[in-house]
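To keep things clear, I will list the structure first and then write my remarks on it.
Each chain carries a letter (A, B and C) given by its place in the written order, and its residues are counted from 1.
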Amino acid sequence: MTALAHQFFTEPSPVTDCAVSVRNVGKVYAGVVTALENINVDFPRGQLTSLLGPSGCGKTTLLKIIAGLLPATSGEVLVNDLPVAGPGPERAFVFQDFALMPWANVLRNVAFGLEMRGIAKSEREEIARSHIAQVGLAGFEARYPHELSGGMRQRVGLARALAVNADVLLMDEPFSAVDEQIRRKFQEDLLTLIAREKRTFIFVTHSIEEAVYVSDRIVLLSARPGRIAQIIEPAIERGGDPDAIRRHPAYLDTVDAIWQSLKTYLE
Amino acid sequence: MAEHRAGIEAAHQGYRFSRVFPFQGSGKALREKRPNALASFATHHFTLNFLSAAALCGAWEWAGLVPISPAFPTFGETMGALWSISADGSLAGAFAVTLQPLALGLVVSMVLGVGIGVAMGLSTKTEWLASPIFIVAQSAPLAALIPLIVFAYGIGLTSKTIVVCIMAMPVIVLNSFAAVRHTPKSLIEMGESFLATRRKVIIRIILPAASPVIFAGLRLGCASGFIGAVLAELLITPTGVGDLITYSRSIADYPTMYAAILSIMAFSVLFIEVLSRVEVMIFRPEKRAVS
Amino acid sequence: MIVFGHRIPMTGSLLLWALLWEIVGQLKLTILLPPLSRVVLRAFEIVPTETFLSAFAVTASAFVAGNLIAILVGVPLGILMGSSVVADRIFLPWVNLFLSAPLTALVPVIMVLFGLGQTTIILTVVLFAIWIIVLDTRAGVRSISPSLIEMAASFGAGRWQTFRKIYVWAALPEILAGIRLGVIRSVKGVIIGQLLVSIVGFGALFKLYGSRFLMEHFWAVLIVLFALAFALAEAFAWLERRVEFYAATRG
């Protein structure tokens, strides 16, 4: 890391209030492939933390372990100081491929999480409607996923995750299946969402620019077996104009520094 | 009109199931899989295949011993009968007779069927003329035509060969048609962009691209052909294996009857299995690598 | 096909073939082929008769009963095989075997075990229909997108909820495809069974008309039968297309 770059992003400050804490987590697939090794990382409450690394570094694996969708081979994950034994109501997942049920309309898809919690139909539909409106899909409640564009489908996926009112939102490359222009719009919307919702976001991405643009913290993972290479906090002011971020010198330098660091993993 | 429906059936049996699905069910994702010698032995497919085969034979033996019906011999008796008809040559003789209309019918169906199907795929006029016939034939119970065929061609080899043909042809035709019609457009455009003539495009691009599905259709056609051959021998005049079945049934020699049925089914299944192995060998290097 | 700028639908060629049939019939080239017009008239005459209706009722009831059994057994078995590796290893070789075996050869076995009656026909229908239903259901379950299952798990769905809310719906297009193919196969099965048993339903009718050489009657029944089979297959295909988008998320 160059001395110059250090001006623009800092090493992590100690986390005082963490929503999610990953302790010594390791993951071995089928007894032979080590995907993750000795991962120790805290995710500060109310902020967005990205997991970034070369492909195959286990970032999605780590996210799914936090979600309780995959068991860790060793170590543990604490959410609100309680160990994770499986999926829980305080976490909600946004899927890369949206994972919408094609046979259910937008309303039923968004209400699915509430339905699983046994909330009465009229109540869950009311909650779902307000979240559908919030992601800008009012009027599309009765449509089916195949009638929507990719961007709209991911809004449905997001509304579904927001509807269950979870503390922690886990997002697995949520914008990778939409086109570049929609993605930029989503990234801007995400910043607004973080500012408004005060929830904890854990965000997996393979795009350096995206990570630097949206994150309060970035956890850099090394190539397989995934270990934590570095944790950085881009020194970017996020209060103002979202377009200003991409022109911010700290943005450009952080992107470049991360690229220089990740480049070493690519043959 | 459901032009491609039959082609889909073939694609169905030939392709969809050959895809490799990494996912095995809901609970698995949440459970850690640890290698365990005993468990991996128990779930190894040879072990399980052997166990399920043994269980079925055992159940057969038991059902025969009860007996659930006087017309239900034990597995042992059936195997004994199979041995004796194999030893005295009557089984081989019966197969020699049965295989004549079968082989003849299959060769005719393949040549004609692939020819018609490819012609339909290449020309919309041929498709217009022929496809409704074969689409109806595909879903119709063509076996009902057998009495008519007997009126027209008697009870000899010709009738039986025709029965095999009408059973085997529709699926071969419709698969060849669908295979040719669904050649990737970009491949044909590539050929044209390199100035290939229509003839060259057909020979060098369309036919090679279509051949896996055509072959899958041939395999399905053979399976139907076996149904036709057995049906012809049971319905028209008992000859070959059909005679072995009918005669032993008439004298209540059930072990021999079951042995004959078992042998023709086993023969057909083995034949189809060989065909699908050949198919994998020729067309599916990726599938071979996985299994 | 397009002639002089007009698009002629595919069914148009069936009219052409019908015309050809009529001409061959009128020319009396073969006693086997009476003119189509006379066959059609005969069909209208035969269909309301007691003989035809009872043959139809017997056939339809065997067909429906057999298919119901095949669906009720086949779909759960397919779901079991799709979701359990052990069940799959145990049953798959047999399902594949029976799918490609000449099942006609087994009809005589059913005949000696269950007599020459309706039971035999029903079992023949089951035998022809069930294997493709099992195999398709299994394929449907196995091709469910893993992320959909993870999605259900992430919202805390239990096993039964996942099965009811996800598996059944996501596999529905394949299940229906299996049922459609099973129906097509069992139409053939029911006729083969009746021809071999030859004293019930259409089998008896064909034997009667055949022995008296009533070609017009024979063809009339044949045409009605083919039309019914085709209509049935198309009806199921229509149903299947209506739920096709249930599988839309698959890669």
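Throughout what follows, a contact is a pair of C-beta atoms (placed from the backbone, for glycine too) under 8 Å apart; a residue touches a chain by one contact, two chains touch by 3 or more.
These numbers come from a predicted model, not from an experiment.
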**Prompt:** Where's the contact count highest, between which chains?
**Reply:** B-C
**Request:** Please flag the chain sitting at the greatest distance from chain B, going by CA centroids.
**Result:** A
**Request:** Round to the nearest whole Å and give the separation of the Cα centres of chain A and chain B.
**Result:** 50
**Prompt:** Between chain A and chain C, what's the gap in Å when you average each chain's C-alpha atoms?
**Reply:** 49
**Fill in**
Between the Cα centroids of chain B and chain C the separation in whole angstrom comes to 17
**Item:** Overlap residues in chain B, where contacts from two or more other chains coincide
**Value:** 29-30
**Message:** Using the touch definition from the top, which residues of chain A touch two or more other chains?
**Reply:** 68-69, 86
**Request:** Find every residue in chain C that makes contact with two or more other chains and list them.
**Result:** 150, 152-153
**Request:** Mind listing the chain A positions that touch chain C in their complex?
**Result:** 64, 67-69, 86-89, 91-93, 95-104, 112-113, 115-117, 144-146, 164
**Prompt:** Given the complex with chain A, which residues does chain C contribute to the contact?
**Reply:** 145, 147-148, 150-157, 161, 165-166, 169-170, 172, 243, 245-249, 251
**Asked** Which residues, counting only chain B, touch chain C once they are in their complex?
**Response** 1-3, 5, 9, 12-13, 16-17, 19, 21-27, 29-30, 43, 45, 48-49, 51-53, 56, 69, 71-72, 124-125, 127-133, 135-136, 138-148, 151-152, 223, 226-227, 229-231, 234-235, 241, 245-246, 249, 254, 257-258, 261, 264-265, 268-269, 272
**Request:** Spell out the part of chain C that touches chain B in their complex, as residue ranges.
**Result:** 1, 8-14, 16-17, 30, 32, 82-86, 89-91, 93-94, 97, 99-109, 112-113, 135-136, 139, 142-144, 146, 149-150, 152-153, 159, 162-163, 167, 177, 181, 184, 187-188, 190-192, 195-196, 202, 206-207, 210, 213, 218, 222, 225-226, 229-230, 232-234, 237
